[in-house]
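Some structures to go through are shown next.
Next, two complexes with chain A in common: one pairs it with chain B, the other with chain C.
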Partner chain A sequence: MNSDISSAATVDALHHEEHSSTGIENKKLMMWLFLASDCMFFGTLITTHLIYRKLYPSGAAEEGILNIKNTFNIELTSFSTFILLMSSFLMALAVSAMHKGQLQSFRKNVLGVIFFGLIFLGCQVYEFTEFSMGNPTAGIPPLTLSNSIFGSTFYLMTGTHGTHVAIGVLWLVAMFFYSFSGRMNIHSAIDVEVAGLYWHFVDIVWIVIFTAVYLIEYI
Partner chain B sequence: MAVSTHAPVADKRLLPPSKSLIGLIRPDTSTGLVDWLTTVDHKKIGIMYGGFALFFFLLGGIEALLIRLQLMYPGGTVVSAQTYNQLFTMHGTTMVFLAVMPLNAAFFNFVMPLQIGARDVAFPRLNALGLWAFVAGALILNLSWLFQWAQVFGWFTPVSGQMDIVPAIGWFGYAPITGKNYSGIGTDFWIFGLQVLGVASLVGSFNFITTIINMRAPGMTMMRLPLFTWMTLITSFLIIFAFPAITIALVELMFDRFFGTNFYHVEMGGQPILWQHLFWIFGHPEVYILILPTMGIVSEILPTFARKPLFGYPMVVFSGAVIGFLGFAVWSHHMFTTGLGVVATAAFSLLTMAIAVPTGVKILNWIGTLWGGHIRFSVPMVFALGFIWMFMMGGFSGIMHSAAPADAQQQDSYFVVAHFHYVLIGGALLAILGGLYFWVPKIFGRMMSEKVGYIAASAIIIGFNVAFFPMHYLGLTGMPRRTHTYLAGFGWETWNFVATIGAFVLGIGVLMVIIDLIRTVASGKPCGSDPWDARTLEWSLPSPVPAYNFAHNPVIPGRDAWWLHKYGKKPEQEIEYEKTGPEGIHMPSQSWWPLVSSVGLLVVGVAMALHSAGVPYCGYVAIGGLGLSVVSFFLWALEGPGGYHLTPPDDGDEPQKVLASYTPEPSQKLELTH
Partner chain C sequence: MNAHALSLESLIKEEAKRYHAFINLAFILAILTSTEIVIIFLPFASWLIVTSLVVLSLVKFFCVILWFMHLIYDRILLFLLFMSGLLIAVGTVIALMFLFSPNDLDRSLFSFNTLSMFFNSFCFVA
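And then the complex of A and B:
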């Protein structure tokens, strides 16, 4: 029984023997297809938001329920946007490290991405809490899921994005721990790259949301 | 049933059945129930897709016959108005999502990898998830009938009272009738059923596109792909771009019903028209998702039985792509009467008429294929010819709808019912049955009865026309859709009676096909590997196809490769084979996780609907179901692709033209290891 020597190395060698017609790995192609589809998911959500935004200038069917500009905390959101952008930079470093087979460097960078992703999620949780409670003393009315059409579209869209970030964080955490199993080698670079594609995409979507949902209120 | 097994030739010494990181051992049987539940073989998955889809197709057919019985006479009392609403809702939803789509998916799964010379799809376990998620979604939808019966017997009382437990909102589920105040938990079953079915379609499509683009045999260029594979590719692209729209629409509806958002709440400023737009942005591509694969099937059958290459192959491919592309630009023609404005109405009208052009090109090419061919009227050919004729008639009434003023008159009348049944039964179903007769000899290695086939095809085509042609007349004389009965004296009695008779003839024809299919699988006459003298690569394999598909990878000499191989005059037109190396063929390992994660999705769907009905603790059960799915996805990832190697038997089953001097090029990835 030569199962010991034929374990990880042979499995990988045999798997990578299969080459694709286009030269693009199957996993990467599949991720691109998923992201193309995901564009339509976010496209539908953002369109819904913008249509209702144009239909109701105050954000609700009734005037005076909301004060969106005062509810928003653009400084905080700008900060978390910056953090998310920087996490993409670290993700690129992690992918590059894995391509070179530098496991230590991969772990450090991926921990950075996880940390930044968690900061972003923390900011979003804080933001949602603040928005939904409002500030009666400062005269800022609450913005909830059900008190206005703006609340519905805003929370569903940013919540869907937050869920994407959370899934990405879970994915990277799993990868971080998996890197200690001894099964991760230079062939795993494709897996990290695919996770990286996902992460960058979620980042780009946030730039669109930040512009079309937050910044647009200040025009 | 002589389904291929891999055990006798498996040489698993290279790769022992893999244990996952946490020590779970993967299932490794090649027979019995466990094999079917955990299989990752695209052929077995295709067979199961077909089996489940035929079951739901019969269910949808029974619902249709109940509808026709109710409408047979004016003032019918076969079912109540409420049941009638449930019947037409479930009939439409079932036929679209649980019958025609999965029947197409069955052919995608079984035929497409064989046609491109691949040993499996790109992601075998994901393929299994597509199957089991489809079954889960279908169960969520149809379990609603059981809960309704439980309510009749007094075992189950939803807090929403007497409102529908079975979906009764139409397959289109227009807002605001789907709101919490207007419909019962049937709507929740419908929302979750469709969401889970969406997961199934999406993962299936990602997989098929990756497979077609990346796993073609050497020499199989894109413009050599068989037409059915081309249509699989285009349909899969339509699915990945169209399904997100309805998924988000359903999520918004779910939030409206469960968490108090206002997307479709008119009193809070929600706009029901938003639902119509989102639904039809999905819904119109969806009709091409149903019809394009069947056009692919017909494009395989006609050249085979006319013994001529497909006329104008590039034009047929290109028209398919144009139809798919334009399919995204015409959704508002379902909404001409909503007051879109002159410019939008004119634009959508124009684009809708434009779709007739590529469709007409295809029909011309099919007729061109027949022209001058040595035509054999085998059963698949009868269905394919029926398809061309009936689909054209559906297309003609379709062009009538594209003129907005005419459409305003036809909207919501039986004329529309006649139109889409002509394209979906006369089109999609006839081609699917043709495909069934065409490929069953390949799938099971047995021939279906020709005699039964001719009788059934006649019954189906005649019964279908008797049932649906009068509906044109009924619609133009004003009979509205979706009403559970009508009064005598409008002149609708005769044609409704005739339509019901036709529907039963159609039903008998379909039943004959299914009974003969079961008989064939059990004890049909064995046939050779190429009973139709066909053209594409799947017919070069033994029937039934072995688990590894190709013992040696084929090198494709041209379009219609198998035909060239058989009848080509030049030696370079023969298929050559790359000899499989001493390491054997890599086969994927089986897995439980696609099934288990789908069970999780099933639990989520049913528990959420019951949560809406006020059954205690169901929210926690739903969270548990979601947790089960997430945990299975993790275990799925941890077990890795796995796999074992087997050496194919050299028993002369297949053409043994092995390319002896062939040495595989070392791939870049292997060099990276040094």
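And then the complex of A and C:
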């Protein structure tokens, strides 16, 4: 089976202009509108966390004063940040491959994105488990959703981001399997591009969270 | 047929250019992230580190939206659309920061000076 889409089809698609008043595909326009609204959503979540961090510097933990620096694992978070950045790179390559009609290359890159996305989620689950258990021998109290203001805002914000990543992974898994149905052609490039926009957005949100929530604690 | 061949050739050239841009950008993002991680352990003034972190994050943010999200290649309308959402978000952030500005709160709560400094730097940058 020839998995690459014919060059004639590619060129035909080039000349296929979307007939909309803006000249932009509706799917793409709607995704950008959604992302603009999601900026506000994450903006308020991050600000809420920072403001409560400032208002309650001790974290108001039930068991001892919360020392976030000891609780955080910067090595693990840095690793997951690299993973997410590289997944964004692979997603850009997947979109590029689909625009060129290279279905095999698209599949390989999307598989990489899914793999990296799962690693990121695994790191987050491990991190949450470590935080929630604490380390009594090292004097690190547990950090749960309900034992401190910091825990509430931190888990809500990073959990919402994690949910976005999980949705992105499911979306890409569905797209990966759909590519074997034989119905994916050059016209599907816009669908891949829209999924890519979502994935990159998840990445830029993490760029902000990594700096404003994690790194700032070490200064 | 010649027109098709020409279009295909230009498409491949354009995508090849983008491909190299993506690879370069991946390296740049990795370097910037490494710099961020190293910079927090350096014995510099807090305001300098905070400002550097904010600037590096902004550079990474705009690199991703411009190149990976194709805003630099797409129509300006999409850029304006996203920026309008982002501006409203930033406006909300600034408004909340002013509402909870250090002057209106009990000074005893502000032992966490770095965050206050971050707020001030962020407001200054914004």
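Heads up, the rule we're going with is that the second predicted complex is superposed on the first by the 196 of 219 C-alpha atoms of A that agree within 3 Å, B and C clash if a C-alpha of one lies under 4 Å from a C-alpha of the other, contacts with A are read in each partner's own complex, and residues count from 1 in each chain.
Everything below uses one rule, namely that contacts are C-beta pairs under 8 Å (C-beta built on N, C-alpha and C of every residue); 3 or more make two chains touch, one makes a residue touch a chain.
Since the model is a prediction, treat every value here as computed from it, not as a measurement.
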- Task: Look at A:40 in the shared chain and tell me whether it touches chain B only, chain C only, both, or neither; answer first, second, both or neither.
- Result: both
- Now for A:81: first (chain B), second (chain C), both, or neither, which partner does it touch? second
- Name the contact category of A:93: first (chain B only), second (chain C only), both, or neither. second
- Have a look at where A:193 lands relative to chain B and chain C in the superposition and call it first, second, both or neither. second
- Regarding the shared-chain residue A:146, is it in contact with chain B (first), chain C (second), both, or neither? first
- Task: With the two complexes superposed on chain A, say which partner A:133 touches: chain B (first), chain C (second), both, or neither.
- Result: neither
- Message: Going by the contact rule set out at the top, does A:125 touch chain B (first), chain C (second), both, or neither?
- Response: neither
- Touching A:55, do we find chain B (first), chain C (second), both, or neither? both
- Query: Which parts of chain A are touched by chain B and by chain C alike?
  - Reply: 10-11, 14-15, 22, 24, 29, 33, 36-38, 40, 43-44, 48, 51, 55-56
- Enumerate the contact residues on chain A facing chain B in the complex. 1-3, 6, 9-22, 24, 26, 29-30, 33-34, 36-38, 40-41, 43-45, 48, 51-52, 55-56, 60-62, 145-146, 148-149, 151-153, 155-156, 160, 174, 178, 181, 183, 186-187
- Message: Taking the touch rule as given, give the residues of chain A at its contact with chain C in the complex, in rising order.
- Response: 7-8, 10-11, 14-15, 22-24, 28-29, 32-33, 35-40, 42-44, 46-48, 50-51, 53-57, 74, 78, 81-82, 85-86, 88-89, 91-93, 95-96, 99-100, 193, 196-197, 200-201, 203-204, 207-208, 210-212, 215-216, 218-219
- Footprint of chain A on chain C - complex, ascending: 4, 7-8, 11-12, 15, 18-19, 22-23, 25-26, 29-30, 33, 36-37, 40-41, 46, 49-50, 53-54, 56-57, 60-61, 64-65, 67-70, 74-75, 77-78, 81-82, 84-86, 88-90, 92-93, 96-97, 100, 105, 109-112, 114-116, 118-119
- Residue positions on chain B within touch of chain A in the complex are 13-16, 18, 21, 122-123, 202, 205-207, 209-210, 213-216, 220, 240-241, 243-245, 247-249, 251-252, 255, 259-263, 267-271, 274, 278, 281, 583, 586, 634, 637-638, 640-641, 643, 645, 664-665, 667, 669-670, 672-673
